[in-house]
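Input: structures, listed below.
In what follows, subunit A forms one complex with subunit B and a second complex with subunit C.
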Partner chain A sequence: MKRLSLDILLGSLLVFGFTALVLLIAGAPVLASFKNIWLGAFASTSKISQVLSVWVPLMLCSCGLIYTFRANLWNIGIEGQVTMGAIGAMAALRIPGIEHPALILTLAFFASFLGGGLWGLLAGGLKTRGGVHEIFGGLGLNFVAQGFILWLIFGPWKRPGIASMSGTELLPRDLWLSTFPGWRVATAGVIIAVAVLILTWLFLEKSRMGIKLKAIGQNPKAALLYATSPERYYLQSIIIAGGCAGLAGFLQVTAVYHRLIPSISSGYGYLALLLVMLSGYRIILIPFLALFFASLNVGAIQLPIVLQLDSALSGVIQGCCVLSALLILGLRQKRKQS
Partner chain B sequence: MDVKFQNISKNFGSVKALTDVTLTAHSGTIHGLIGENGAGKSTLMKILTGYQSKSGGKILIDGSEIQLNDPRQASKHGIGMLYQEPMDFTPLTVLENFSLGSPYQGRRELRFSLETLTIRFGFHLDPDRLVEQLTVGERQQIELLRLIHCKTRILILDEPTTGISPAQKEALFPALQQLAADGMNILLVSHKLEEVASLCSEVTVLRHGRITHHAHAPFHFPELLTAMFGSVPEQKNKTHCRTQGSSILLFENVEATGERQGLQHCVVAVNEGEVIGLAGLDGAGQSTLLRLAAGLAIPNKGNVQLFGNTLPKSNSASQQAQKLDVSFLPADRLEEALFADMSLSDHFSLRGRQSSFWRSIKKAQTLAKNGIREFSIKGNPEDTAQDLSGGNQQRLLLALLNPHSRLVLLENPTRGLDIRSGQWVWHYLLNTLSPKTAILFSSPELDEILHYSDRIIVFHDGEIVMDKAVNETSHNAVATAMTGMKEAIQ
Partner chain C sequence: MKQSVTSMAMAFVAAVALLLTPMQSSAAEENFVFGLLMVGPSNDHGWSQAHFEAGKEIEKHIPGSKMIYIDKVNPADRPGITIPFLVEDLVSKGAKLIIGNSNDMTDGIREAAMLHPDIKFIHISGDDALNPESPDNLSNLMGKMEFGQMMAGFAAAMTTKTGKIGYLGPLINDETKRLAASCYLGAHYAWTNVLKKDASALTFKVSWIGFWFNIPGVTSDPTQVAKNFFDSGADVVISGIDTTEALIVADQKKKEGADVTAIPYDYQGACSTGPDACLGVPYFNWFKGYAHFINNTINNTWEKEWLWLGPNWADMNNTMTSTISFQNGKAMNSETQTQLAAFAKGLGDGSISLFSGPLNFQDKSVFLKKGETATDMQIWNLPQLLEGMEGASK
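Presenting the complex of A and B:
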């Protein structure tokens, strides 16, 4: 625990130092920039709820990725899994003849889990059956998912009249997930994210599946001697990861955009990969890091408006975070070896 | 150039790999260096090639001491080594590989040198072919020519006939003899006695890091064998307290890949209660047989039957074998059987076939505590597997072993253990497990095999060359069979 806090302190120092350096080089006021990012993320309830609506999909993707990272799988296909989850949700929402909105939404919830999970299973099957490394399989499937969603938006699901990059037709109001008055984040989304976090912690720390995933991640060869089939657990973990990502897709459709858009995943899958690496695969750090990343994402929107800086700065800061975390981990590894 | 090793010793931590080794290899001769695996041959040669530093002693070339701190210094002194696995660059052509490490020459001169050398030694090498298209034997020929071209005067060969065809061997041996006749000093590391006998004029035998024998041609094989594998222990009259019953493991003409030569024409039947030692030089097929029985390797041909069930030819074979109470303990414990970063109690959590969804951390801790006490493991339930010493890792594996095992497969069960721990392991296996349990184990120590087995199976180059009850065979007969000689030498 002491080492953990030391790492966090050291990491934060590195991040702020490096970001300050970048700002200085860009000729921007350092303190004012940090202050504006903070204000941009937390100055009002509307801003906070914006941060939360980024936090939710990040949390879901990160929780999913924890499963695959435990088994030492690089589920880079998480982006495509978000997209397929969104498509699954949309497909359910378009089923004609169901009157009850709650029923349709429930259906969409499960359809999104299924869509993402199956997309994960595909990458997993390519690995276990076809010998395709999950990074390449996942990356390939990301492009397929992207192509698929574009085809849907410009083809079968196009807006009446004219197809457009801005997505499908808006959903009817009763299919929007509700929010607290004055807040812009869906209550259900926050609940789902917290529930998935708790379940993930329980599964990974308290269940037999959790320890088996850990064993397989460390030494798949030895796992065989404990009557544990690596293939089976690779598939299980990637299905769960895909399912969680799919739920993120469901919320992007029903709580954020209220339609299907080409970039429905918003890059949260990739961002979650960085986030989980940054956490050192520790579940306990994930909600806080997700909040940090989400507030940077939202807060940095303020920079071009107030200081005429490029909002890409948030990307630079996020990159610095991950690099400094990897640096700390790498140094520790090196020290351990010598 | 004569090489003299003077009182060379080498320690790895507290392990003595070489003790007080003194020997001289003369130019113009082929000097054989023989010994079983781990005898110290490779360590001695690595010191000569500058890959490893020595802990004590001197190396003299033509009477003057030289420093060998890295391979480059060694090659400056004209020391070159032909490795068992060719150390070349497969995407490059024959000519390009040949040119590496040699003083700068134009392409045309290089080609001329290569062609002259190939003709001189009767090799057939196309300078423009890519090395990846060649056989191991041909790649070895390039290496050899390259070393000659780089003015190597002390040539070390490490098991040069492993993986090359008989025809290539026919070409290699005269080439080596020709080189020696030209005044080169050749050191041949091998465990194939017949080859050593046909090539070398002098032989030095290493055992447990010490020189046990030194001889000039013609060689007396029984003497060499004794020096290699230790003196013949007295035949004890084994009392069989173990019951021997029905056949439980059957290999039906099995063929499989694995290790150097895989396994061919393997027919074995193992009975309940038998203790069978698998002898053979490293990689002769013993490990492949153990893995096949454990369901961790899949046969290409033939079937493996356990307790009347044919193992499926799929990934589920190992689970099937475990369901039938078959246990496997590999030699490389940390690499293949334990989880380096996981705690001992986590290992106990993983064991067994509990079907509950949740795991009880408390229960695992209790199990771990009991295991630590019963098996005298020096460690705590929270320690990770890599914190344990080799001996304690083996104790942990035994603690994790299914106590109802009907067949236990062990790969080198006393690897890295001191004598006392080794005895403890055997005591456990023979006395705590049910006497109906069959035990199959491999070991590089012939003494261990002779001491504990009821029956011995000897492997050579992927084939079983002997399968006899221990009382019907002798130390010499087994050692002879291990080195691939057809007739037993009396």
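Presenting the complex of A and C:
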């Protein structure tokens, strides 16, 4: 615990140091920038709502990635899994003849899990059956998912008379997930994210399956002890990861954009990869780091509005955070070895 | 020791309090704050820059006015950020009027207008205001760029030696279809009425990239599309997108010795990215429309309006009074300049009316019978490209 606190302290110092340096190089006022990012994320309920609406998909993707990292899989295909989840949800939402919004939304929920999960299974299958490393398989499938969503938006699902990357037609109001009174984040989204976090913790830390997964991830030969094959665990973990990412896609469609857009994943899959690495694969840190990244994402909008700085700086800051984490992890490993 | 700890603690608390002070003072001190949401970068040499500079002109000419803005408002550049969220932020900084400068913001601006009935909204270039049920605080503004594009098409046809003109289109909607059609009508007029050539010898090909500007991996690459046009024999490319790739490619080709030109779009200074290859540019001046709505808001005379402003034909390049202008480029020869001036005069006095029958749609169905002239609404809602044009209508 003491070492964890020390790492967090050291990491924070490095993050702020790096970030201040980047801001100085960009000619930005350092304190004013930090202040504006903070206020931009937390100064009103609207801003906190916005942070939470970024936090939710980040949490879902991160929880999914924890499964695959446990199995020692690099699930780069998480982006495509979000996209396919969103497509699955949209496909269900377009089914004609169902009158009850709750029923359609429930269908969309499961369709998104299925869409993401199957896309994950495909990456897993490529690894276990085809010998394609999951990084390359995942990357390839991300491109395929991107191509597929573009085809749908510019083709069969385009708005009447309009083919634009602004997306499909807006969903009817009764298919928008409801929000807390006075808030603008979907209640269901927050509940789903928290539930998935708790389930992930219970599954990975408390269940026999979770322990097996960890053992096999660290040493595939351990599978022999359990009289099973590591492939089975790889596939299970990547299906669950894809399913969680798919749920993020469902929420992006029904709670954020209310339509399908080409960049529906918003890059949250890649961001979640960085986040999980930054956490050192500890579930307990994920909600806090997701909150940090989400607030940075939302708060950084203030940089162009108030200080006329390019908001791409937030990406640089995120990069600094990850570099800091990798540096600390690297140093720790070096210390262990020596 | 105890004292210094207390002072340090007080300094810390003061620093935190300072850090957390809400930041509304600077904007609130201005008399009238307006917000501008731009779909592209404020320095794109195109659509968004034209809006940005109009906003700056407003600050100069309407005392006490102050613009707050954010550019690159699109899901690819700002993932997860929605229009209603940005509007709320601008309102919290004191904005009394919000301008959304893209047709693609239609849904977001409509939602924001319903959420903020006390704030005025200008949406460019939708037509919500024509719907009696739309919110009263939402107006639409657009310029009659059809005239600018007719002039662009005219200049292109006067210049082409191969008889092949390429039109680099953004996405397919009513606005882009009518602008591409206007270009074609201008080109067709020059080709058949001025040059007295056979209409069948003119090729006018439209290629849509999928959005108003390049988004790698999502849209077609406008640089590649422009290159393809030139490689397949076109010697003039007219751009209908917000950025200047067509002109940049033409300029490179020209430097390599090819006899090609291009016509950018939207922004007065667009030719500067490739002056030697620039035939001219049709551009918007948003000052007049902005000033109309902002003054009405300040004077409490706001009305829901759908404003489609045309050129000031008497002084077309007056940026304060003419919403639509056309700037001749270095690559336009003097003969074309003379003919173009006569063409513009004809458009201005009504002696030349290009949306007049007989005109057919691309699928050969009748758009306008002989003797018929299109109404504004027929042009605004043009359902497909015209006969004689190549390219997708849907």
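Structural remarks
The rule is simple: the second predicted complex is superposed on the first by the 334 of 338 C-alpha atoms of A that agree within 3 Å, B and C clash if a C-alpha of one lies under 4 Å from a C-alpha of the other, contacts with A are read in each partner's own complex, and residues count from 1 in each chain.
What we mean here is this: contacts are C-beta pairs under 8 Å (C-beta built on N, C-alpha and C of every residue); 3 or more make two chains touch, one makes a residue touch a chain.
This one's a predicted model, so the numbers in the text were calculated from it and none came from an experiment.
When the two complexes are overlaid on subunit A, subunit B and subunit C sit side by side with no clash.
In the superposition on chain A, contact of A:304 is made with subunit C only, not with subunit B. After overlaying the two complexes on the shared chain, residue contacts for A:7 are found with neither subunit B nor subunit C.
Of the two partner chains placed by the overlay, only subunit C lies in contact with A:267; subunit B stays clear of it.
Partner contacting the larger number of subunit A residues, of subunit B and subunit C: C.
Taking Cα centres throughout, subunit A sits at the apex of an angle toward subunit B and subunit C that amounts to 130 degrees, reported as a multiple of 10. For the pair subunit B and subunit C, the minimum alpha-carbon spacing after aligning on chain A is 36 Å.
In the superposition on chain A, none of the residues of subunit A is touched both by subunit B in one structure and by subunit C in the other. For subunit A in complex with subunit B, the residues that touch the partner chain are 206-212, 214-215, 218-219, 221-229, 231. Subunit C contributes residues 19-20, 22-23, 68-72, 74-76, 78-82, 84-86, 88-90, 92-93, 104, 107, 171-174, 208, 210-211, 215, 217-219, 383, 394 to its touches with subunit A in the complex. Across the interface of their complex, subunit C is touched by residues 31, 34-36, 38-40, 43-44, 46-47, 50, 53-54, 57, 146, 150, 154, 161-167, 170, 184, 256-259, 261-263, 266-268, 297-298, 301-302, 304-306, 311 of subunit A. On subunit B, the positions that touch subunit A within their shared complex are 296, 315-316, 318-319, 322-323, 328, 330, 335-342, 346, 349-351, 353-354, 356-359, 361.
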